[in-house]
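Listed after this line are the structures, all set down as structure tokens.
Next, two complexes with chain A in common: one pairs it with chain B, the other with chain C.
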Partner chain A sequence: MTTDPREPTATPDDQPAADGGTAPAADGGTEARAAGATAEVPLPVGREETGHEHALPPQSAIRRWFVTTNHKDIGILYIVTSLFFLVFGGTLALLFRIQLWSPVQAGQTGFLSAFAYNQAVSIHGLVMVFWFLSPFAFGFANYVVPLQLGAKDLAFPRLNAISYWFYLASGILLGVSFFQGGSFAGGWTMYAPLNIPTFMPNIGGTTAVLALALFVISVTVSSVNFLTTMHRMRAEGLTLRRLPLFSASILLTVWMMLFAFASLLAALFILTADRVLGTTYFASGSPGGSILWTHLFWFFGHPEVYIVFFPALGAMAEIFQTFTGRRLVGRKWFMLAMLLVALQSFVVWMHHMFLTTINLQIKTLFMATTIGISLPFDLMVFALIYTMIKGDNRFTTPFLFAFGALLLFIIGGITGVFLGAVVLDYEFRGTYWVVAHFHYVMVGGVTGLVGALYYWYPKITGRMYDEFLGKLHFAVYFVGFNLLYFPLFVIWENPRRVFDYSPAFQPWQQLATVGAFILGLSFLIMFYNLGKSLWTGAEAGSSPWEYATTAEWAVDSPPPLENFPGIASYKDGFLSFLAPAGEVQPMAADGGAVGMKADARLEPGYDDVHASHASVWPFVVAMGVLFAFLGLGSIHSGKLPTGVGGAVYLGLGALGVLIGGTGLVFMGLEPFHAPEVPIAERWPFEGITKMKTGVWIFLASDIVLFGAFIGAYIFMRFDFGWTIWHHDLIPPQHVVLPGLINTYLLLTSSFTVVLALVAAERRSRAGVVASLVTTLFLGVGFLINKAIEWHHLFDIRTTAYPAGWAFSTNAASSTFYLTTGLHAIHVFVGLLITSYLIFRAWGGKYLGEADGNSIEYFGLYWHFVDIVWLFLFPLFYIL
Partner chain B sequence: MSLVIWPNLLVPLQGGSLIPTGSRVHIFQSIYLVFLLLGTAVGIVVISYMLYNGYTYRTGSEKSERADVDRPQLGEIPTGGGGGRHLALSFSLSTIIVVSLIIWTYGTLLYVSNPTAAQSAGELHVTVVGKQFAWEFHYPNGYVADSSNGDPFRVPVNRRVQLTVTSKDVFHDFGIPSLRVKSDAMPGQTTSQWFLATQTGTHIARCYELCGAGHSYMTAKVVVMPQNAFDSWYATTGNNTTTATPSAA
Partner chain C sequence: MPSTKLYAAIYVVLFAFATLQFVVEQAGLLRTIYWTAFAIIIALSIVKAVLVAGWYQHLKFEPRSLTALVLIGLTAVLALTFAAAYSIT
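Then we have the complex of A and B:
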């Protein structure tokens, strides 16, 4: 990449990360004012940035990309990485489309073996849905949303970097899984019991599941970050109703993500336990096991498809507005429709289960809710169509893709109504009708996001792409898309995931294969176009698109590191940048009405604490987790791996834990500043600090996680027989006393945390340390007591339980150990945090009101852990 | 509320033409055809309207130039373009179409799920057990046909067959596409579906849920026989009683 003249040249201030946070901020401020008009205030158009970049190397340096925490850089990382996964998932699809060129009859060998074919279709689905679509959307979300909100960055920049590196690590894990006896081969839906070691013994299967779990963790961290940002860092005047449509769609997406992914995480934890520890949730003989998986998976799975589509919808709305030159028709109703869909998405999941054992009343209910959710989409489709009336419609590449996306989505949506009619679904189940339907809607979403890529490309790179090649891409893409997916409707009776089909279907299968290659090739046009335009594209000004309205178009392309020259505000009904009196600069004419204003609420020097941008620890932590998960995946059904290979795996795992843990500690110790914005819309979190908001949002997700585990237990117990469960499956040696002792220990430890907080407010270092140490001892006592209890239960030797009551004994033991085990892991993590807090408190931190907050945040977590125990204790010891 | 009233209005019409009755093939075909025609019509209308608007108001066209509309400005606070009334009309229309379709198919669902005593009289009950990678058919007299041995699934023509479907190992799905019947086969659970073959002939049953490497070949032959032929054959199986009972609870 050639050096961009707008990037700063390296100055002596560019110190490595350890110094970055403590760069003399005060100097930076006075330096600017002393230098006069040009130096420190970034101007939106074509002015060189001088002044230090807060220890962040220039974009041309590789090191920058490993230490950056800036939302724009991370957005670029997400977009580029996700496009790599598009190619990966697409190649898998091309492999099985080659196989489907002719039916493979029994006894013949096809292009792929049966096992390879099953892996190809399964990983294709997983990669496209998880590793391509959402990260692609979130690349744009990362880049654009803070700009649209008027914020300088996300609320927690280092967590943002962690999200990205976790995502990359999870992708690497998925790639590695192919080499461990084959990857997961049970469909992207991973139905039980096919997903357990009895039927899928390969280690690669476990690694793939862990890869997905790591991805979900990345997403959860990201959701907490986005939710905190979007609720607390909006420009003044930008109420939630006034959010730009792309940001509004992202807000709803992350709310859905927070709750839906917690359910998937629970399903994956349980599946991992079945594969690694040997628990028996999903065994063939387990009560309700196979249907339990479908509930856990689809409760996530249905919101997931909207999670994947909403960003595309938001981008389409922005693109329609810009390229028709009209504000969205029925905007209020459009936003209400999106909100309704987000809420309703959690009450339709059983339409994926119409052929299971659910009864008629439930089928009817879910048929009704499914039809209910299609109605807001009708409204949104019409809103977009009406927006074109009296427009100044310019069919540029972004608009062609957005327009095409709408068309494809209409077709996909209509075919979805067929699936909502239960009696039709009885026949469509497991056939190409479903496949064609979801590819029309989901790849329709991709089409919208490709439009977004062309739309925001000038903003991100400062260059225009080649318009002719863009239009050519669209033409080839649209032809390839329909050649590939429409035949699948024609041969809808073909079963899914098979490679032996009726010869009458062959011409259509071949047409689809040709279409697949055309669609794939169209992306080559795009890569070429976007790649070469980085060098040869015309320079783009701040707003190359007429009628673009949102804040990202009011600043330079690409925007300066701090985004805006002042604090963005819409208080006067249009965008302006506020600064203290005396710091207002005239902006170049390009921005039109957008200018800087003096505001009496801002004192000179209000931004003396400059934001930090560089930290290497997110990358380090992610690599640690990668190795740790690799090691974990090698454990099979409760047995450690043997031999040299086994030792290597376990060694890697231990190393990973060490690296990850060290990274986390150093991340905590690092002086990293992500200052609060002084003037912002914060509803409904006014008066609550940023950190506290983040902790509460995280806990909301954790509540759903535990809810799913408890729900799974209750579900299985009802299926078996609620009252006979205790008699048939639990040995008499399982008594209440250890649970009771643990309850007292935990409750007391919550009290001591409150004491620590009081001591902090009273500036008593000894008090803080003593309370925290007591908490630690009580927590350790809890764990030791539990260990003794478990050991005692493992050692039972009776006729009923000749091998003890252990992980794999029966459903009651599996649910007991895993649910209370998950809780114990939460306790263990809490104790690690306590140890860290003790270490810092000993050094005198946390004293005085403002600094005691870390203990308060920990207290929130710890009380949550206690409250969960208060549910688990009666469920697993008394009832 | 309306969901309770409307189907009850439809019930008396079950004997008539509104709710399709008879074999699963006829039921499916009737509904599918209506949905297909209506869906295609709606799709063509909406997409044509979309293309029309896009083209008519393309930049530089006369209508576009004449349009007296306030265009968006950079930096304006996001607002809407009005026009909520047209939206209400299209939305109501699409709602009526979609909801009517679903209420109609709900009537069909009731017919399929709640057979009268007359309809279920004389049914043949067969338990289908899926396993990797074959199907077992357990008849009332204890005889078990196993597709891994090449045994076909023999059924009588013009007589309802009531299936109880389950699995011995993983999650399968039993479907006979040309007879339009399908049901999930889950270990530890049983699902039920019925079908009625109106003509003699041969069909294929397949598996519709990915179940492992042999999923593509998990098929069984289905032979629909004339009533007498079926009865005579069935009588001969009395000697082949196996003690195998279905593994389903």
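Then we have the complex of A and C:
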């Protein structure tokens, strides 16, 4: 492997380059110089990019940015928006750093009021972790990953636009929350029971929780999209282990996202129910209560550490390769180490809970797994260091940031090992040691991503940034960073989250505040540099970097709308573009190595139907959700605020539902073409259609969402006492029969969906419509039966339950209503889809489509909802 | 793909098993041998789930990667549930 002279992305592993495009280095041929990836190699001239932009307005038009579904545009939107949130979160940080200039005793008001301080600290954390870090990374992922894969766009371009608009809407919601009696002020971890209305009754608190929930929905949609894309649209020859390192890191990131964020979504939905409906999951006296939150939150929260760090790591690896001029040492092991970390990240979450009441055995176990997860990171760090030692390093701005990130991460990583030891954690928990540690890791990651911004800036804009200002930015940034965060290690005994600290720590606090301002200032240099270079920067050409080897550098900067002139392929060991025979024109005389190739598998005119790139509906849907959530967030224990405010919120919510619903319908009816690539690597989902892959990946995350709800129920019941739960908390009026009837209804409706599919295959329109209508009626019957049952239980008046058995009665009622309620919402959504299918089937759709039938995809969802009920029935009715 | 007959047979089994779960409860087994009855009821649910997933959702006839995907999600959430429950013993 080490004798392979080429970086395996433009030239996959194990395949010697045959085109003479390499310049073996003196140290044994490890220098990478991929043909077609460097500036002087001409671009393919086989087929001209079609000039028209497929009904997409030009980039100079504002309208373009509201309708675009192109991955590069959306990447830019993500990057710009996330940088705005960097400024937002950074400003909040500066506010509380000013407060910390001198200690303020509890009860006294400093620069900020106590409540404002708590909001600033909490929202700073939330903004930086959620609204800045991941979206910043996913801006690059959106832009670069399809290019590195050889794809023309993501698998579901409109869903990609929806992800972005949900993200922006969630950010707007968070901003609005400040003006609703104050935002969430209980810390970014939102620990229970501080997060419930008893302690944080303001509407803004609920809006902030809903904002985060919407953000998570955006992430889930994005994960499904990226996973489908990355598993089904890789250029021929680009097997998973040959993926460029940035793409590999993103692939692992989205896998972690898919499962981890589902657990957070469950936690946030439950918290929303506690705040909006008045369920009592996280109430002080609730069985499990606060521990339940920590489990759900940290089961997400620890993978989240790697979710935000991996893209930075992948970008660092690419930048290291480009600017050391050699392939990453131990590339294969580096990828294996990332895979290990991704797996291990799901078995370390309880190290965040060493100071809770969980037992010592499990703490010891999680200490061991935590030490274990540091080992693959050691390998990655050494791989990067060794690459530098063996490389011919050029300290350009991207490399300075990547190298700086490595140094910071080493400090952050080592100080984290201390926290992983139970005994030491008893001292360190809740102190500035933790704060300093995770800022070295997280902002270390930011450092790598800032390097990525400089690295891909010429690709995205077509212009070079100013190198001197870039280096100046790094110098100021690095000094500011360490002035800000290192003092926090020194005064580690300082408890975190509070502004009332020992006067002995004041000089260090002041040093940190000075550092914070220097760090913030450094970004002004960056914004100036990147802004000015848009106009005055030198033309970047296809690649300004001499040793860049991944496919994004093989096309123009910025790349044309559909990226490549044909179907990208690495079949012959280097990048080429396939086209049908007869459509390939002769190469230019100086024939670059990247060229057009005739491929017999492609029929002339295979791409006659042009891909769509514009849809306004994702934006409309997101705006609808924004208003709906604003209305929803105002509800407290099932009641709207009184007076005009309540009416306004009600109106906003209703408007939101209307806009969102209309948008979804129009989006469904809109003809939008996202063509399948005829030739691509699809492991491990060969032979499964794009849509089916997407549906199953979504269902996998829904399994975790429902599983977390059911798990929460099991956890609380276990804590309360499994077998006395039924007797102590549930009235005898709660009987099995309604559950049994609903089981019958749902099972029958599953069967009728199967019959609809059978009828579709037999091309029977009447059969399809009749089966679907039966499904609809059965589903409606299910919901009516449930409504009657709930109404009955709400209204029982017995000595044990004088006020009925309502949401807020006890843990059993809370878990019963919420878990079966989430299921009922799934049924309701399924019935909306059924109605849509009936409407279309009436018009003669879906007949005879044995492969890729919408009824089948809907069936997968509907049967899943059925399966969930098969477990809810015994758990909530029988046992 | 299975025949309509097989789909119908599976439906009958699902229906019968749901009824059986109800019968186990009505017979009062939960009052006498709770954990045995618990095991029977949950086992019936698992069999029903496998039938629906395997045949109605066609997992049996799809590449194993989809089954693996489902099992990964299931494993993750079972690990969370059992580890969380164990942690408070």
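A few notes on this one:
Heads up, the rule we're going with is that the second predicted complex is superposed on the first by the 814 of 879 C-alpha atoms of A that agree within 3 Å, B and C clash if a C-alpha of one lies under 4 Å from a C-alpha of the other, contacts with A are read in each partner's own complex, and residues count from 1 in each chain.
Going forward, contacts are C-beta pairs under 8 Å (C-beta built on N, C-alpha and C of every residue); 3 or more make two chains touch, one makes a residue touch a chain.
Everything quoted here is computed from the prediction, not taken from an experiment.
With both structures placed on the common chain, the touch criterion links A:Ile291 to chain B and to chain C. Contacts of A:Gly711 after superposition on the shared chain: chain C is touched, whereas chain B is not. When the two structures are aligned on the shared chain, A:Thr415 is found in touch with chain B, with no touch to chain C. In the superposition on chain A, contact of A:Leu699 is made with chain C only, not with chain B. Judged by the touch definition given at the top, the superposed model places A:Ile250 against neither chain B nor chain C.
Contact with neither chain B nor chain C is seen for A:Ala342 once the two complexes are overlaid on the shared chain.
Residue contacts after overlaying the shared chain place A:Ala55 against neither chain B nor chain C.
By the touch criterion defined above, A:Phe499 lies against chain B but remains apart from chain C after alignment on the C-alpha atoms of chain A.
When the two complexes are overlaid on their common chain A, residue A:Ala211 makes contact with neither chain B nor chain C. Across the two superposed structures, the residue set of chain A contacted by chain B and also by chain C is 288, 291, 357. On the side of chain B, the complex with chain A involves touching residues 3, 27-28, 31-32, 35, 39, 42-43, 46-47, 49-50, 53-54, 57-59, 63-64, 67-69, 71-84, 86-87, 90-91, 94-95, 98-99, 101-102, 105-106, 108-109, 112-114, 132, 167-171, 173, 175, 177, 180-184, 186-191, 193, 206-217. Those residues of chain A that touch chain B in the shared complex are 104, 106, 114-115, 118, 121-122, 185-187, 191-194, 199, 237-238, 242-245, 284-291, 321-322, 324-334, 355-357, 360, 363-364, 367-368, 371, 374-375, 378-379, 381-383, 385-395, 403, 406-407, 410-411, 414-415, 417-418, 420-424, 426-427, 429-431, 493, 495-500, 543, 547-551, 553-554, 570, 573-576, 591-594.
Put simply, chain A touches chain C in their complex at residues 259, 263, 288, 291-292, 295-296, 299, 346-347, 350, 353, 357-359, 362, 684-688, 696-697, 699-701, 703-704, 707-708, 710-711, 714-715, 718-719, 723, 736, 740, 743-744, 747-748, 750-751, 753-755, 758, 761, 856, 859-860, 863-864, 866-867, 870-871, 873-874, 878-879. The residues of chain C lying in touch with chain A in their complex are 1, 4, 7-8, 11, 14-15, 18-19, 21-22, 24-26, 30, 34, 38, 41-42, 44-45, 48-49, 52-53, 56-58, 62-63, 65-66, 68-70, 72-74, 76-81, 83-89.
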